[in-house]
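One chain, subunit A, appears in both complexes that follow, with subunit B as partner in the first and subunit C in the second.
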Partner chain A sequence: MNQKTRRKINWNYFLIAPALIISVSIILVPGIMTIVYSFTDWNGLSPNISFIGLKNFQQLMRDGIFKRAIMNNVIWTVMFITIPVCIGMFSAMLLLNRKKTRNFYQLAFLIPYVLAPSVNAMLWLNIMFSPVSGVIAALRNMGLDISSPLASMKTAIYACAGVDIWHYWSYLTVIYLAALRQTPQDQVEAAMVEGAGSWQLFRFVYLPSIMTTVKMMFIIITIGCFLAFDYIKLLTGGGPAHATEVLGTYAYSLAFGSMKVGKAAAVGLVISFFGLIASSIYTYLTRKENMI
Partner chain B sequence: MRKRVSKAVLSIVLAASMVFAAVPAVMADEITTAAGEDYSDREVINLWFWGAEPYAQEAMKALLVDKYNASQDNYQLVVEFRPSVDADMTTALAANQGPDIVYGSGPSFVMPLVEAGKLEPMDAYSEQYGWADKILQPYYESGTVNGTLYSLVNGVSTMGVFYNKKVLADNGWEVPTTIEELEAVMDKALEAGLYASVTGNKGWQPVNENYASAFLTHVAGPATMYKVLTGEESWVNDDVKAAVAKTKEWWDKGYLAGSDYVNLNFSESLALLADEKAPFFIGPSIAFQWAASYFTDDKTENIAFVPFPATEQVPDTTYTLGAACTLSINANVSQEHKDEAAKIIDMMMNAEFMQEMTAAWPGYWGTPLKDLSTVDTSEMSYLSSSFVDVVKSISDAVNQGNFGYYDNVFFPAATQQRIINIDEVWFDTISVDDYVQSIQDEFEVEFEKGLVPPIPKPSGVE
Partner chain C sequence: MRENKKRLNRTKIARSTAVHVILLLLVFICLAPIALVVINSFKENAEITRNPLSFPAALQFENYTQAWKTGRFALGFINSIKLTGITIIIVLICSTLAGYVLAGKRIKGSGAILLYFLMAMTVPIQLFLFPLYYAYARLGLIGNIPATSVILAATSMPLAVFMMRTFFLNVPKELEEAARIDGAGTAQLIWYVMRPVVSPGLITVGVLVGLQTWNEYLISSTFLQGEKNFTATLGFLSMNGSYGSAMGVLMASAVILIGPVVAFFLIMQKYFVDGMVSGAVKG
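On to the complex of A and B.
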């Protein structure tokens, strides 16, 4: 019996080893190194690294660009947990009863999502925002006094978020549609027999049925919003005058522009902190559900 | 059963199609890197380069890669064009990896690499190939750290004014020689519904630094900037503030393409200049390389370049010394590879190479040589020969000490980043005084750490 148990435990270690090795080497070790570097003045290259305590964090607390970056991440998050969620939910409900054409629409909607961010960003920069060849140029030729929303500090962050939402909402449609299709048909039919309208059907049957998925996506979207980087980097680089700076672009600029990798690591920790809060909320919510 | 067989057949067909799809890609790569020759038995010397335009990449392959590969039997040079070369290079070198020949976006990029021991000292190669004797002294010095050579600037760049001759002639405007004349023409252009000038930082935010560097040279003046960069004087002085305030004035007046600045890149700006939408494109001389795509056919000779006009503070023709890029040698490769890397760098540091490359790729390869008399422009296109004239003019001005400092050559990294962030002033998120103070704060730290490259002395400084 003892020998059998030991063999089983050995096999367990063997089976878990690949995942464990990968996790330790590409997640845990860099994670620990990021924490360590955040307390140093390392420039990313020099063998001379000085520990400077909490100086990086203290400087960040006084840094106006850092505060703006956090605010932009918050704006980004608020936009992403509302606009694409609503569009995705609405289109998923529309597709739910289109049994024959549903796959075609899903495929068509998903095209922006499967294209590389660089391709999408170039499309928007050159076809929409360009004053030489884009829609902006066409509207000007028609006599409208218009300039690109990327050029204004007030609108640039919304323009960037708009492009990212344009590429992202269809992904939510697919997720929500898959969840909606799991709703027990007898509940739907019973509600219809009782005379429930479309809104009531959605509010009291479909939405409660997919609530676990909605909550999970809420957390995933929130974590993703604090990791936002690609579309902003490609569309504005964080400008004009840091109007679209988010924590991700600021960390990049500190690490590769100013050669302040220690400070960039501190920004990285702040990003992780927000992700950790979102994950904790999700864990709390799901634990509560499991206990019911 | 039939279903299972058809699934198996489908799987095999799919797998085979993937393999066959991959084969031509691999073969194509071999052909482009080796120009049809089989160099698979040779050791590879790597050079990472920025993502230049396709015609420029072809020129580099034909005039550098193929030439070097044909010159010997043991090595093959492979050039990788990477749009994110700066970040890639820093990351690779930090891990003691990276290419044999190290591309840098300027001498200030080199300083932290030297401090970290990632670059090979090049003094012995300098002696072997006579670089100190043939390269313009300020450029040669900018590649040294504590007197030891670590990098060479491959091409000069300076801020100046590209103008469309036809636009000026059609409107009866003269080519400006002073900043007041330039501003007067830009005002008239705005009244006429044109752009005052076209430029922009779309896709490359560091474009901002061009205007900061130009005004630091022409408004603050080389003498002031020399004192600032050598720590003799603080950044917080009236000359520097006046220079920053002047960029703000230009921004507010819409001289820098107005609100389209963030939606235009150099390529689009030159397209607009060629289409007669503006009289000027104020930018770096390396922009000749993009002009080649738009000033074609009957427009070819519509473009011309003049140095940045005279100001009250700097009345003589003066050039802001910039670099297209720097070339260094990776310290973590074998001695044989280091020797070959030096040999390849030397191939690029002579007048013959400049002539051939400029003919094919105008604007980038303005090799900073003391003697450019052997560069023959008789067979060159209009754009190529115009560029050679600019490089010769820069060479003359440098020999007379009439030069200022481009931030990507002479400013350390964090200071350079603050210069790039000059749009904070333009968009009123910081005052001129606070902005200049923030530069001083960054510079002070980097100066103490010894991260400022050697600053050549301009004329007029004791």
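On to the complex of A and C.
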């Protein structure tokens, strides 16, 4: 009897426990608390929390900064699913047949990617955009009448996205290149025998072959764009005059700047909602590809 | 015929040259800002503002000694190493065990747990940050490096679990069965049979998580308050606020931060690239 019960213990439950406990206590439980807080007026400190229903969300609907933040997230997404995707795909195609030099180029491209956002942002702030010590200053010395693109309300969001894209695009090169290299060689040779040019080769052989990866990356990029935070916070802090505010920075400044944790939770929920749509598609595609 | 071949050869060379020109242009775009930082790190302030694009008049390392002191990098690097090291250890232990269990569907609900981790991978930090921050504040854990490591580990965990699971899926079933027949328990099985087979996977996950943690900004800047808990990057950021005028020193500190990361990346490139790719492309 005793032996029987002992044999019944499935040690695998103990093995999965550490990962699950950490993930649940850091992400799931606070995540659920955020959902609850989004219906309250909590300021982070006060012990009195009162439920105010949908008031936070109603206020957000009338909030100009919130609308601008969503708009900026959309701009960010549109830029990211076009510019780095094109550069990444183009450079991956160029590297595909450069067997000897491929590694060198890939490593050089990846250096901005492996540096910390804080370092990259400081680098661009001080050596590129600064009107005192940057390339902008050098151009001004040469007589050009330009100022930092971060200072203007119209261009700041594009400048932030530009820096983030500078840091990010090589990631896509690596991913696309790895996928391209799995294209069946006989298909490529068959197309070449039939006299296909480079563009036709790309369009009808390589692109269909890496389509799964391309789709997957589109979703990963979109999710990432709604989470955008680091570069904006570091380059402009959401300014000038909220011109570069995105949902991520707005939620952060609501929670830690103006102590409106309830409202910040509501914004966090909105970000999650956008993320959830994208990640449902991602999950669906992953399952379709038989990963689970 | 011969003429034709020659022409074909020539267009081939022209083509290849054009490709290299484009690729080198991309390299220039990637590295020019970094090169400018290195150049300016040797210059005095006045020299930088006069012309940031010029080469330094003399090679002087004064900026570096100054940067090391004002950025408190001795402390910062120790803190960064602590934060990153603890995070890597937590992630590796937890994700290896979980990956082993989930690869074999050894428990009920494996599918549900995988689905949970898949969703957790895409959760925005702002969904759990605020309650977590105030809970940590109440527990007095703000500025606590190991406690912050746990958060960073939780954010890297889903991807690590998936990667480790893939590595375990590639372990031949026969290997495990043979060990079982020889009477190995689960602990022995993991340590003597699985670990050697999946250890390249451990390095890949470790490198990926390590670099991610070293570079992380949102969580570490929120939870590691107090100057004595600053990581190297946080020390560097605080310099930018208070040391705005001494550009040369700031550039030198940037180089101090860039150097080790680039060196580590170049040494570990294979594992890093493998890790990036295995997350997105199925081989």
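Note that in this section the second predicted complex is superposed on the first by the 270 of 292 C-alpha atoms of A that agree within 3 Å, B and C clash if a C-alpha of one lies under 4 Å from a C-alpha of the other, contacts with A are read in each partner's own complex, and residues count from 1 in each chain.
The rule we apply is simple: contacts are C-beta pairs under 8 Å (C-beta built on N, C-alpha and C of every residue); 3 or more make two chains touch, one makes a residue touch a chain.
If you're wondering where the values come from, they're calculated on a predicted model, not measured in any experiment.
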Superposed partners subunit B and subunit C on subunit A - clash or fit: clash
Contacts of A:M128 with subunit B and subunit C, given as first, second, both or neither: second
Touched partner set for A:I111, first subunit B, second subunit C, both or neither: second
Partner with the higher number of touched subunit A residues, subunit C or subunit B: C
Which of subunit B and subunit C A:Y168 touches, first, second, both or neither: neither
Contacts of A:F66 with subunit B and subunit C, given as first, second, both or neither: neither
Which of subunit B and subunit C A:A151 touches, first, second, both or neither: first
Contacts of A:Y206 with subunit B and subunit C, given as first, second, both or neither: neither
Touching partner for A:W76 - first (subunit B), second (subunit C), both, neither: neither
Touching partner for A:G44 - first (subunit B), second (subunit C), both, neither: both
Contact residues of subunit A, present in both the subunit B and the subunit C interface: 44-45, 125, 132, 234, 256
Subunit C residues touching subunit A - in the complex, by the definition given at the top: 19-20, 22-23, 26-27, 29-31, 33-34, 36-37, 40, 48-49, 51-53, 90, 93-95, 97-98, 100-102, 106-107, 111, 113-135, 150-151, 153-155, 157-158, 161, 186, 211, 214-218, 222, 233-234, 236-237, 240, 247, 250-251, 254, 257-258, 261-262, 265-266, 269, 272-273, 276-277, 280-283
Contact footprint of subunit C on subunit A as seen in their complex: 10-13, 15-16, 18-20, 22-23, 25-28, 30-31, 33-34, 37, 44-45, 87, 91, 94-95, 98, 101, 105-112, 114-119, 122-128, 132-135, 137-138, 141, 166, 170-171, 174-175, 178-179, 182, 213, 216-217, 220, 223, 226-227, 229-230, 233-234, 247-248, 251-252, 255-256, 261, 264-265, 267-269, 271-272, 275-276, 278-279, 282-283, 286, 289, 291-292
Contact footprint of subunit B on subunit A as seen in their complex: 43-48, 64, 125, 129-132, 136, 147-148, 150-153, 234, 236-243, 253, 256-260
Contacting residues of subunit B [partner subunit A, same complex]: 86-87, 90, 93-94, 112-113, 115-118, 201-205, 259-264, 268, 271-272, 413-414, 416-417, 420-421, 423-424, 426-427, 429, 442
